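Here the chain labels run A, B and C in written order, and each chain numbers its own residues starting at 1.
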Amino acid sequence: MVALAGVDVRIERGEIFGLLGPNGAGKTTFIKILTTLLFPTSGEARVVGFDVVRDSQEVRRRIGLVSGGESSGYGILTVRECLWMFAQYYGVPSRIAWPRADELIAVVGLEEQAHSRINRLSTGQRQRMNFARAFVSDPEVLFLDEPTLGMDVNAARKLREYVAHWVREREGRTVLLTTHYMAEAEQLCDRVAIIDRGQVLACDSTPALRRQVQGGQHVELEVRVAGPELDLVLLSGVHAVWGAPHPDRGTRALKFRLPPGEVLGEVLRRLESQQVQVDSVSTRETTLEDVFIAIVGRGLEDTEVPS
Amino acid sequence: MRPGEGLVHFLRAAYARAYVRMVGSFREPVWLITDAILPPVGMCAFVLLYRALGAPPSFEALAVLGGILSAFWINVLWGMGTQLYWEKQQGQLQLYFVSPVSRMAILTGMAVGGMLATTIRSLVGIALGFGLLGVRVPAFDVGMLALVFVVSMLALYALGMILSSAFLLFGREAWHVSNALQEPVYFMSGLYFPLRTLGASAWALAGIVPLGFGVDAMRQVLLGKDARGLAPVEVETAILAGLAVIFLIGARLALAHLERLSKQEGRLAQRWQ
Amino acid sequence: MRVLAARLRTAAWLGWQIESNWAAPFLFVVYAVLRPLAMALILAGMYWAVASQAARREAFLGFYLANAFHAYVTQVMVGMGWVVVEEREDYETLKYVYTSPMGMLTYLGGRSTVKLVLATVSMVLALTVGWFVLGLRWDWASVAWVPLVSSFALGLVACVHLGFLVAGAAMLLPRVAITLNEALAVAFYLLCGVIFPIDLLPAGLRQLALVFPFTYWYEALRRFLLGHGASAQLEAWSDGALLGVLAATTVAFAMLSHWGYRAMERRARRLGRLDQTSLF
């Protein structure tokens, strides 16, 4: 099984670089190679100028890693002790490690749990502790592998804000973030690479990616399907994808990009002929999700549309 | 890294890992009862077996010593050998391998940290054997006993470091093997009977796990001729010292080699592999 | 009844899958065979070491025999505690089993069938090695089959029911469950006179030994298979008295285990320990 195929990416010092793709795209494999957990079968990878295979020890001194949904930790230790312990593994003296642990505990909002044992934390609290752990060594490069997975909205927002602040705080700090949350990539990343089935399909800043698919309108309809399964090729060049269902209203979102020159009326007539009732119509700006759909051919959560 | 920084980092990491073990022993005092007090009870059964068979009293002392030393083998097996496997199960192993910490430092910390519970277990064994059951030993050379003990432990714990590498690669299969290695090692090491009883195979069996030579040498220091030793104490101590060096070098090589293999196969961070 | 049988079958099937999972068949056999065999050889080594100086061969035969049957205590009784530990710590499925209609007791009962099989393999192997390799033999003609089978069956009942108690303790005490399981096996090894007569125990421990069904179980197995026991105190009891006390203590412990398991399960649920890992 090929997890990554011909990935060729350069991440600049000081940037927050996003890797966006569905489950199984190869994001975690990419991170594992860069964090020296996995050998590439071919090719070369360097982090802060050091080869991940030949100079793995030099790489490790300079990086931190957070994996989303992580619940690791020695239950018998307190939050504070756990952060101190990992700082020791990075050679941080105790006189620096303890105050740094206290700062990070405040950042992730665990002041009340600082002296609580890890096995008494909730899952979300443990995730926040693991997030703090990655910063305890003050790394040059931070790898965030779906760091907000399973977190509540407020906690996720605060962590994203901290990441942005952390990068800007000192020159040279770099972040590689993998995510399948479009909004997270859009909010945080200077550049985004779209990856699917082990291949990087596009890599640029979010505005530049949006420009690639701009032109025309992004339309979202709320529809009610009475007839047989809908043919999602609405017009030549207009491929729709399903969005979120609205079970309380019995409708579902249908999204597509209408190229310049095409008329919405034609699409609506086509839908009517397939016994689709349209409850509402809205148009909006191009988003990263639109870019993703245009490049990959389906939504992040969708199965493949048959050609 | 500047000269000396490597050693400081090593000691820092070892202390941090030992801290987890030591703290755990005090924060869960019930563990001291179940981990340190009840296991030496098994040793009492062997002492009473010798008594039931009408064996000379020196055999009872032999069984007490075996029980005390079994605690160290259990610490080597479970506190070190399987520990990296459990770290993998808990999700910690990945974090260790992403960090610049020396794996040997982590294992050293585990060994040192585990010594607390092991020492308590040994003291309980001494109290039960020499106190409750009234087993007696003649006067012995304390310095010699300490020397043989330290050399034995070096060799034993170095073997434990090699075992921990086996788990990285073989995962749960090695866990089964380790689970099966308790009583067989007690037998091969002559933990509860003189190795000489096994005849010609005694030397070969004693060499498989350093525990055999260590037990035999310590018994001779304690009991003299009544220990029915395999070889002179000095010879066995020298063998143990040699094994310690070989195992330490082997442990370092094995850790590096198996980490490399695990990274090639991508199994390092995966649970249940 | 059919639903119960189906659930027991499912639990037994799962037990088999787990016991043999992730290991080549060879390793599985090694694991199931090597430990009890090594234990038997340790005893044999201890006997050989003193054989020239002591002549209590018949006594040793009784100890060897009881040690072989102790496999049921370690595999079945303690094994049920291990089931809870594995389900909660390794697979994190205890909460799902608990909240399913199957019920924990049925589940544990099903899982224990595999452990019964493994214990039987260990026991037969130890006795076979003793017979053919170590020369530890008895006269088949003098075996009292009916009381032997009866006492064996009673012992199994005790193992299974006490296993429920151990499982309950494992549910209530996640942080000590692992070491508690091992410690219990050792404690019964000492207290119930497996490899020595209980007469050698200090007075207080001797009284405690007389509480447990396993003490009478080992004596009964020795007496009905070999024609003699190990304990001078229990030797004076008639066959009927020995069997009767074995039955009475088994029933008493079965009832205690049932009540104890329910109490500990309820408390574990109240304290939220059913899905709490120990994370040391």
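Here is the rule we use: contacts are C-beta pairs under 8 Å (C-beta built on N, C-alpha and C of every residue); 3 or more make two chains touch, one makes a residue touch a chain.
Worth saying up front: this structure is predicted, and the values here are computed from it rather than measured.
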Chain with the smallest distance from its CA centroid to the overall CA centroid? B
Most distant chain from subunit C, judged by the mean position of its C-alpha atoms: A
Could you tell me the distance, in whole angstrom, between the mean C-alpha positions of subunit A and subunit B? 46
Subunit B-subunit C separation of Cα centroids, rounded to whole Å: 27
Using Cα averages as centroids, what's the distance between subunit A and subunit C in whole Å? 52
Do you know which subunit A residues sit against two or more other chains? 73-74, 76
Contacts with two or more other chains, residues of subunit C listed in rising order: 279-280
Multi-partner residues of subunit B (each touching 2 or more other chains): 20, 24, 28, 90
Subunit A contacts subunit B in the complex at 32, 35-39, 57, 60-61, 63, 65, 67, 70-74, 76-77, 81, 84-86, 88-91, 93, 117, 133, 137
For subunit B, which residues are in contact with subunit A within the complex? 5, 8-9, 12-13, 15-17, 19-20, 23-24, 27-28, 90-92, 94-101, 260, 263-264, 266, 268-269
Would you tell me which residues of subunit B are touching subunit C in their complex? 20, 24, 28, 30-31, 34-35, 38-39, 41-42, 44-46, 48-56, 59, 63, 89-90, 132, 171-173, 176-177, 179-180, 182-184, 186-187, 190-194, 197-198, 228, 272
In their shared complex, subunit B is touched by residues of subunit C numbered 21-24, 27-28, 30-31, 34-36, 38-39, 41-43, 45-50, 53-56, 59-60, 63, 90, 173, 175-176, 179-180, 182-183, 186-187, 189-190, 194-197, 200-202, 230, 279-280
